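The following blocks contain the structures, represented as structure tokens.
You will see subunit A twice below: alongside subunit B first, and alongside subunit C after that.
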Partner chain A sequence: MSVVTRRHEEIQEKIENELPDAILDIEEHQNAPAIVANPSRVDDVVRVLKENGYNHLSSVSAVEYENRYESVYHLRRITDDREDFDEINVVAHADRDEPAVQTVSNVFKGANWHEREAYDLMGVRYDDHPDMRRILLPETWNGHPLREEYDVDQPQYTTLEAHANPIEERYEVDEDESALDTMFINIGPHHPATHGVLHLKTVLDGEVVVDVEPDIGYLHRCEEYLCERLNYKYQIMPYPDRWDYISAGMINEMSYARCIEELADIDVPEYAQVIRTLAQELSRIASHMLAVGTFALDLYGELNVIFMYAFKDREIVQEILEDLSGQRLMFNYLRLGGVSYDLPEPREEWFEKIRDFTEELPEKMKEYRTLLEGNELLMKRAEGTGILEPEVAKEYGCTGPILRGSGVGYDVREVDPYSYYDELDWDVVTKDGCDNLSRVQVRLGEVEQSARIVEQCVDILEDWDGEQEIQSRVPRSVSPPAGTENYTAVEGAKGELGIHIVSDGTEQPHRLKIRSPCFSNLSAFSELAEGEYLADMIATLGSLDLVFGEVDR
Partner chain B sequence: MVTFNDAVAEFFGVEEFSPLVEFAVALVGAVIVGSIILTIVGVSAVWFKRKLNARLGDRIAVNRVGPAGLFIMPADALKLLSKEVVVPEGVDRASYLLAPILAAAAVIAAFAFIPFGSGLQVADPETGLIFALAFASLGAIPIVMAGYSSKNKYSFLGFEREVAQAIAYEIPLVVSALAIVPLVAYFGDTDTPLRMSEIVAAQQGPLLGIEGLPVPNWFLFAQPIAAALFFVAILAEFSRNPFDLPEAGSELVAGYLTEYGGVNFVLLFLAEFAAIFFGGALFTALFLGGGSGPFLPAAVWFLIKMFAFYVVVQWLRATVPRVRIDQLLSLGWKYMLELTFLNLLLTAGVLWVVL
Partner chain C sequence: MLDTSKTQISERREGDVDPRMNSKLREMFGSLPIVTTSLDKVMNWARASSMFPFQFGIACCSIEMMHTVAIKHDMDRFGAGVFRNSPRQADLMIVPGTINAKLAPRVKRLYDQIPEPKFVVSMGSCTISGGPFQEGYCVVKGLETFAPVDIHVPGCPPRPEALLYGVMKMQEKIKRGESSPVTVKPYEIRELQDWDRDEVADFFEDELEPDTLVMNYTHSPELREVSEVEEGVNPTTPAEPTEGD
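Here is the complex of A and B:
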């Protein structure tokens, strides 16, 4: 802790020297100190931070207060050294009537989408932003739904003219000659390879992708809005299951649990920590299996062996999780201060089930590798396509297997441990290929690592001789002190899944922002796809492993 | 050697039919061949394909409608044929509606030149091989019509790919087939080595005419390189995996088929599957000795070999991913073309030395 605070002081001094009028104040957030920056100089502050090693912009969230709006930036240090990990927040105040803050999208490209989201939902304008449009809601939407003053009953009238020909105004063809050689094509929202509802506005030159712009928001379900109107203790927990609804529910629940437990100072018994870790890693296996399978599906365009095998193995994990929580996908298993049930009885049988799975897994992984790497045509398609350089990945805030597939070993479980990960023996998997293949290989490697963790957790639980306490004593009403806020992240199946909670002293969060890994990963998509062939763009989309419940929330 | 008309004439002991009877008999032959093909296509496209692919992919597939899901065939046929024919707004109507008919007609007509054996061959012109290959290429035109007239960008991309693919693999297909023609002339001792029946006849007897060799003189063994090249070319020509780019399920939705439904879809689908069998029939006639084989009648052997080809094609579908368009074209122009010509020259050279 002392190292970190010294560094914070140093960086504060540095900024004050370089930018005399930029820092207005220093606030203390639960996770790290927050620099209150001059709203018109916030990009300079973030730039200095970036130059000094804070090279990962996790999220940008806008918060409404009685007399102002705030734009909060969460920055992290990603280096190879685990001890070097550090966080810092930047806060910019904006005017109540005409909220506007200087954009940081010229410092971090990944801020582009985050700021658009903040504008869309909270109405904070970002000056000099290259593309200040709505992102989740339709462009014709009236009002900003996360604002206090927003009236949900207000009907949304859209004139026919506004929707007469939506493509025409969105994509104007230049009259010069190069534009005549290209074709604009809408891929999605309904398309076999978009894994949900993604709309890709694509410009093709023959078969080569010249320009692609993802259009998201088709699955926006107001998750943040809903969470802000529910109680911390029980009511919010079912919702995280619906973010990344493809079997990663346990990890999503953990992301919320971690943030609020730190903020409200709730202890979790060790026994429950082990169960949580076990459940999360099983979720990760299930999610990665699906990712590998669907990637193969995108390359083949047919139901193939890889997909079927992956799905079958996922089913085993799903059954284990069902035994544990009573539900297949929408687990609602974690509770503040622990978990909802103890392990299923008879325990031996359940442990046996997990053991059988982990013992068979090495053989299966060998088969997956043979199926993927032994297939020359598949290798030709997957190798060297969808290149994402590590610098670009960091620039966009990509995390998870995407970032590790580019050779950067950033894993929240390792650098910022939670649950029981610190006590266990496992490795971070990285690959230097930067291409579609290495992203898939990272997932295969992570399945093995997860299985290692699962085995260790089972060992610990089997030999457990202390009290089997599944929940600590949590007060009847969970209400963190007014004015406190916290940003924490967990390593989701897709990357850094962060939650930013601002408390106003009541039982409901004043602001709950979800930092979705898929959202940031998708924002880098045009960098990956441009210049590739159409077929490779589809494969790249598959290798990103997007779940639209999480992108759109 | 014997077309269906010759066989019938022989059966009745007639020297020659009058033109009208000749036409009528030929029509009967065509109906027989057509029915066999349509039955095989119907069974394999709707039921067998699903069962086979499911087995290869560790699944079960249809098993609810009738025993082993067999009744899915009439059920599917009824469903597809009873659908409304929807013609989207703004399509080139004539071309849009003509394409499916043309596609089905072209590929079924092509079976006229196939020597099934047992007297089951509708036509046996002197240039049979060229005719057959011409019909094989004809299949690209309805696809272009369908893709271009649909007024859909996915269809457009699909037909563009088909054109690029058809042109790239046309020459390898023809040239690799031509490599067997000198062998036909040599082993069959004939002046008309392009006649399909002569090609089959030349493949009877032991390998390379060496007496006592237990291996038949199938050109698969006598011309293995040509056989491999022909196989790849035929896969590309008829857009089968891994060269199924014009359809490309995960990229182009359904390629040139995107805007089709109901009867029109059935016809295009039928043409597509009949084309695989036509490819199988060509491969059987050119490289697998036609209907040669012990015990069973020649026609049955021919159909078995044709079906085996289909199984291999479906097997590929389940195991190899689709190649990219640039990989496909570079394979076609940079390797296939050169290899087929080299093989032709090699064949000619070897025969020149031997003779």
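Here is the complex of A and C:
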């Protein structure tokens, strides 16, 4: 169980002093204590927490119980200092028949989308929410699918109407007194620059974007619903691969493994830890390569040289990972308590392959930099566009290269270490530009750092003389004690990838919520794009590096 | 509203000449069998040798599709590498990924917007049956439930080599002028006014125009009775309903 630190006690006292009768109870979650707040005062509680340094709302998840609904908020401190890092949870109960909780979207803007999702899937209403609509499912959907009582077999009807017709009426946005003469366009859901199935409802004034609203859910694949019907031990593991499907599978698997291993108290042998770390960093390289390649694709158009080089390097990484796990993309390699196979034989050859890649990498990175930064056209479009101030980024819960491109060095690997990262020597990459270019540069820098980690892991594995234990003893059926819950995160390729598991004592999770970094990063998109040129909006979208398997889940 | 739902999808059967291969010239020279046969051959050869796939990424499979186009696998070597961003310029639709109830009407519309003759390669188990997400509450169980498919490429995701093989099989079929039997299961997209009154939730009555296109989604298509579908109302239903689904 979590330790209640001095800081937790102080903050609890502070809230009790400032807001008498706002705290109803204190619960214990695996990761941190949870303040049970008065459902109508939860925004005040969260505000006090925010003022006292818990400045990052990771996620909001709604959980159903027999006699109530719960809305659980996970707050963290964004910091680059391990000593300063801390987390705390807030819980608000809502009654069974008409679940409603006060919104916190006036405290954290990022809560807006999270609460809409909780409403969409679980049917918990948030009072005073500015925009309480469905977010993932079509507007015309019937029922809230994560509820126990939901009937999957009822017929549903969806319409083609979601696309507003641009010629039917002129869209006018009031700004000051003068109504602007504007034009409305739909971008997506199959537009090639949206990197998947995103629909942007855009209002243009000339060439300037005055209003943009992302419409998501075109790849909602019911991941949470499915995971809640599968066994912890083997059945859930293939699904994480499909959240962030751009080769970041190893990291996603780690996020699930970390959460359940902490909750069910499973050890991982050190040898397996090293392999996991190696695999995760290879995944990160492949993922960032695609991000850089497609960013160039968005700016230059048709299959250009950066894209091709990036794919060439991805092929090499995918081959290495295929040797390790047997699959190119959907690895299904991690197991609870370790990994599924030992390194491929002959090991020397495999190590040689990795070494060849990492040795050539500095030369290649130089080339990427020349191609990107030496190109005036690209620099003009990437530098100074898509500005995201660090304060705004924190408001929306942006993480990963997006946040680090705004100069905040928050990296879960550093502040809340897992796997083998603690023993290795690497740096967190940050850039202060806050623009599209910085975000891409951060990714390039991270590829180099990942290669450093990979090299060190290979060294360690080569000189390994202890027992090569790839999996610890895991009980035949994994079932954490009833009523326990845990939220942990890992540093995904796109940011903080968190998992919230609530156990009811069976072999299947009662609730499994995925905190997807892309979801939060995308929610800040309108801040980034409004006031920019339409063409720069596309560049900004590319620099966010979205993957819709993770946004929509 | 564009009435794209009414595109006729002709019935196709193995062995017969695919009506999609018909051309105006063929109609003109109908009485001169030798000329038309050779002409058809040339046309089909041309069609197969320069396919224009439609660039349409949905999910994980589209990453492998990008690898198929990019360096190393390079689909261009087989005359099918020029991806078009607009359905109007394409003739091959590769559908790479999971389709859910929100996306399905859009995929249908994109399919309808591709000019004839058009061919569909479905990539990955998601487009065959819903794949790993089959049990999901809003996942459509396969592309074939609302659009005809010529070639299925199984896998999750299929390797680039597998997709190449699938596309080449497609080309072979086109060259020979034949195509696969089509089974379209009855997922319907109809105008609101065509639905039985009690079938449509009251909600729609007040909210929508009578000519709005509405698609229904059922979690378990086998629960529905096929006979419900009136002939001719749903253009995607083949004239002879295939037995069972």
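The working rule: the second predicted complex is superposed on the first by the 524 of 553 C-alpha atoms of A that agree within 3 Å, B and C clash if a C-alpha of one lies under 4 Å from a C-alpha of the other, contacts with A are read in each partner's own complex, and residues count from 1 in each chain.
Simple rule for what comes next: a contact is a pair of C-beta atoms (placed from the backbone, for glycine too) under 8 Å apart; a residue touches a chain by one contact, two chains touch by 3 or more.
Quick caveat: nothing in here was measured; it's all calculated off a predicted structure.
J.: Can you tell me whether subunit B or subunit C touches more residues on subunit A?
T.: In the superposed model, C touches more residues of subunit A.
J.: Is A:246 contacted by the first partner subunit B, the second partner subunit C, both or neither?
T.: Once the two structures are laid over each other on A, A:246 reaches subunit C alone.
J.: In the overlaid three-chain picture, which partner chain does A:192 touch, first (subunit B) or second (subunit C), both, or neither?
T.: Touch status of A:192: both partners.
J.: Tell me the contact category for A:533 with respect to subunit B and subunit C: first, second, both or neither.
T.: First partner only.
J.: Would you sort A:67 into first (subunit B), second (subunit C), both or neither based on which partner it touches?
T.: After superposing on A, A:67 lies clear of both subunit B and subunit C.
J.: Give one of first, second, both or neither to describe whether A:159 is in contact with subunit B, with subunit C, with both, or with none.
T.: A:159 contacts subunit C only, not subunit B.
J.: Using the touch definition from the top, say if A:299 reaches subunit B (first), subunit C (second), both or neither.
T.: In the superposed model, A:299 contacts subunit B only, not subunit C.
J.: Once the structures are superposed on A, label A:315 by its partner contacts, choosing first (subunit B), second (subunit C), both or neither.
T.: second
J.: Is A:183 touching anything from subunit B or subunit C once the two structures are fitted on A? First, second, both or neither.
T.: First partner only, subunit B.
J.: Would you check which partner chain A:219 touches, where first means subunit B only, second means subunit C only, and both and neither mean what they say?
T.: After superposition on chain A, A:219 lies in contact with subunit C alone.
J.: Where on subunit A do the contacts with subunit B and the contacts with subunit C coincide?
T.: Of subunit A, residues 191-192, 303, 307-308, 312 contact subunit B in one complex and subunit C in the other.
J.: In the complex formed with subunit A, which residues of subunit C make contact?
T.: Listed in rising order, the residues of subunit C that touch subunit A are 1, 55-60, 62-64, 66-67, 69-72, 85, 97-98, 100-106, 109-110, 132-133, 135-139, 156-157, 159, 189, 199-201, 203-204, 208, 212-220, 223.
J.: Give the list of subunit B residues in touch with subunit A in this complex.
T.: Its residues touching subunit A are 53, 56-59, 153-154, 156-157, 161, 241-242, 244, 248-251, 253, 317-327.
J.: Flag every residue of subunit A that touches subunit C in the complex, lowest number first.
T.: Going by the criterion above, the answer is residues 137-138, 140-142, 145, 150, 152-153, 155-162, 165, 189-192, 195-197, 217-223, 225-226, 229, 238-239, 242, 245-247, 290, 303, 307-308, 311-312, 314-315, 328-330, 548-549.
J.: Spell out the part of subunit A that touches subunit B in their complex, as residue ranges.
T.: Going by the criterion above, the answer is residues 183, 185, 191-193, 204, 207, 296-305, 307-309, 312, 375, 377-378, 380-381, 533-536, 538.
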